[in-house]
Amino acid sequence: MPSRIETKIRQSFASQSLMETLRASLVRIEEGQTEIQAPILPGSRQQHGFAHAGLTFAIGDSAAGYAALTTMPDDHEVLTAEMKINLLAPGRGDLLVARGKVIKTGRRLVIVQSDIYACEDGHETHVALMTGTMVPVART
Amino acid sequence: MPSRIETKIRQSFASQSLMETLRASLVRIEEGQTEIQAPILPGSRQQHGFAHAGLTFAIGDSAAGYAALTTMPDDHEVLTAEMKINLLAPGRGDLLVARGKVIKTGRRLVIVQSDIYACEDGHETHVALMTGTMVPVART
Amino acid sequence: MPSRIETKIRQSFASQSLMETLRASLVRIEEGQTEIQAPILPGSRQQHGFAHAGLTFAIGDSAAGYAALTTMPDDHEVLTAEMKINLLAPGRGDLLVARGKVIKTGRRLVIVQSDIYACEDGHETHVALMTGTMVPVART
Amino acid sequence: MPSRIETKIRQSFASQSLMETLRASLVRIEEGQTEIQAPILPGSRQQHGFAHAGLTFAIGDSAAGYAALTTMPDDHEVLTAEMKINLLAPGRGDLLVARGKVIKTGRRLVIVQSDIYACEDGHETHVALMTGTMVPVART
């Protein structure tokens, strides 16, 4: 993967202010896959003190979108068309890790998947499975 | 709808710290439907300055969940099992409004829908459609 | 809606051999919405004798696709990119009716919904809610 | 996996009349996974002569459901609560193969996935990805 793609992705991620609000980090970018981590902050929780599904979704969606972007030409971006999340377990612990990957890339659509894990005491629990569709658009 | 159900829902909402981080408000609770609003804060955006899909999802999921909760016995809560979001338009403007409603309630599952609108200069644009499944659980 | 669009849709429906196998009929075509009916044949059932979800999906998907097609230029077709079905109740009775409609049409994507009902003794029960994404493609 | 579970699954499959109509076969049952095949019959097609998404969905849903059933007690069945299908490529060829697996099993819900492949001249193409939720119910 050319380093200018990585640069484009890092710039895009840095300009997503919600990622900053949630203290999320883009920790890995490879051809067809990325990883985003976010701490389960005191301000990112649901009513039982676990990670809010909004946090899980936000980093899972971004991880999948940037995975799609690694397969696109330089002058393209991607937009999320749809995304389904199945929640598997409570997001218990200190940190969520979202691993996004491309299932099938194409000119019109990119099908993506994200798996999100909660980390507690060094142990990972699979907390969500997401599948979705990204739409490539030429940057204007 | 008994007022104790409304009280239970308002307490639950108040204890979701992500809703406070996003400055979301629960502005309406009726039998089978609720409305949650959130400003599109400087810190809630994606790379083009529009509402992040994570914000859209977070309030849409909560609106749907609390709509489900209005149909449950007092000692029950609901958990999101799955939720799909279709994004229809960019979340442009000052405010997002999520209207959640129950499609079908039941003892094992509650099927829900949320429609999310962006408000700009007093005009509403439909930005997302969500459908999902909530699971009732007895509070312990 | 121009009658040539209706003709195009009727020809397309007639060439879907699975619709013939399932004895489905396209009973209504209007701008942005269509209705498809199918009997719950002895050969279209699941293990309890109710309509198989494959039947429900097949007619719901087609109804949604043709609803999308009513909003397209003459030389375009649509393909299903994704579709989620939430099953609400068993498909009990003699007949399924799928009503498809367009939520939002566009050049790149069309967001659609189908509601499927089972008819028994003249009474309709809402058995499934489907939401999906259709992709317009120019006919070659 | 006890052989009585396999027997229960084979009996259930045999009583799904749509599977017979579509000439589908349950070709593999293992703990947490199953495989169903169906020929792309002249009567199972969409308007371009490829496998109809209704066929793809029907065998993908059944494969996922029976995968879930391998993880259940003897006296339980499963019902599909929801299922999303992402279509990746046209179902071109002679045969569809659906491989269902369990992502997470539980007392209230089982999260499942199916991958469906089209076989043409001995080559498999990944044509659909499905994820869904099954609900265990005690047989009455």
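Chains here go by letter, A, B, C and D, matching the order in which they are written, and residues are numbered from 1 within each.
To be clear about the criterion, a contact is a pair of C-beta atoms (placed from the backbone, for glycine too) under 8 Å apart; a residue touches a chain by one contact, two chains touch by 3 or more.
Values in this document were obtained by computation on a predicted structure and should not be read as measured data.
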Maximum distance between Cα centroids and subunit D occurs for chain B
Between chain pairs C-D and A-D, which one is joined by a greater number of C-beta pairs in contact?
C-D
Using mean CA coordinates as chain centres, what's the subunit A-subunit D distance in Å?
29
List the centre-to-centre spacing of subunit B and subunit D in whole Å, with centres computed as mean CA coordinates.
33
Taking each chain's centre as the mean of its CA atoms, subunit C sits from subunit D at a distance in Å of 21
Listing for subunit A: what residues touch at least two other chains?
81-82, 84, 86, 133
Within the complex, subunit C is touched by subunit B residues 84, 86, 88-89, 103-104, 111, 113, 126, 129, 131, 133
Okay, in this complex, where on subunit D does subunit C touch?
12-13, 15-18, 20-22, 41-47, 52-55, 57-59, 61-62, 79-87
In the complex formed with subunit D, which residues of subunit B make contact?
81-82, 84, 108-109, 133, 135
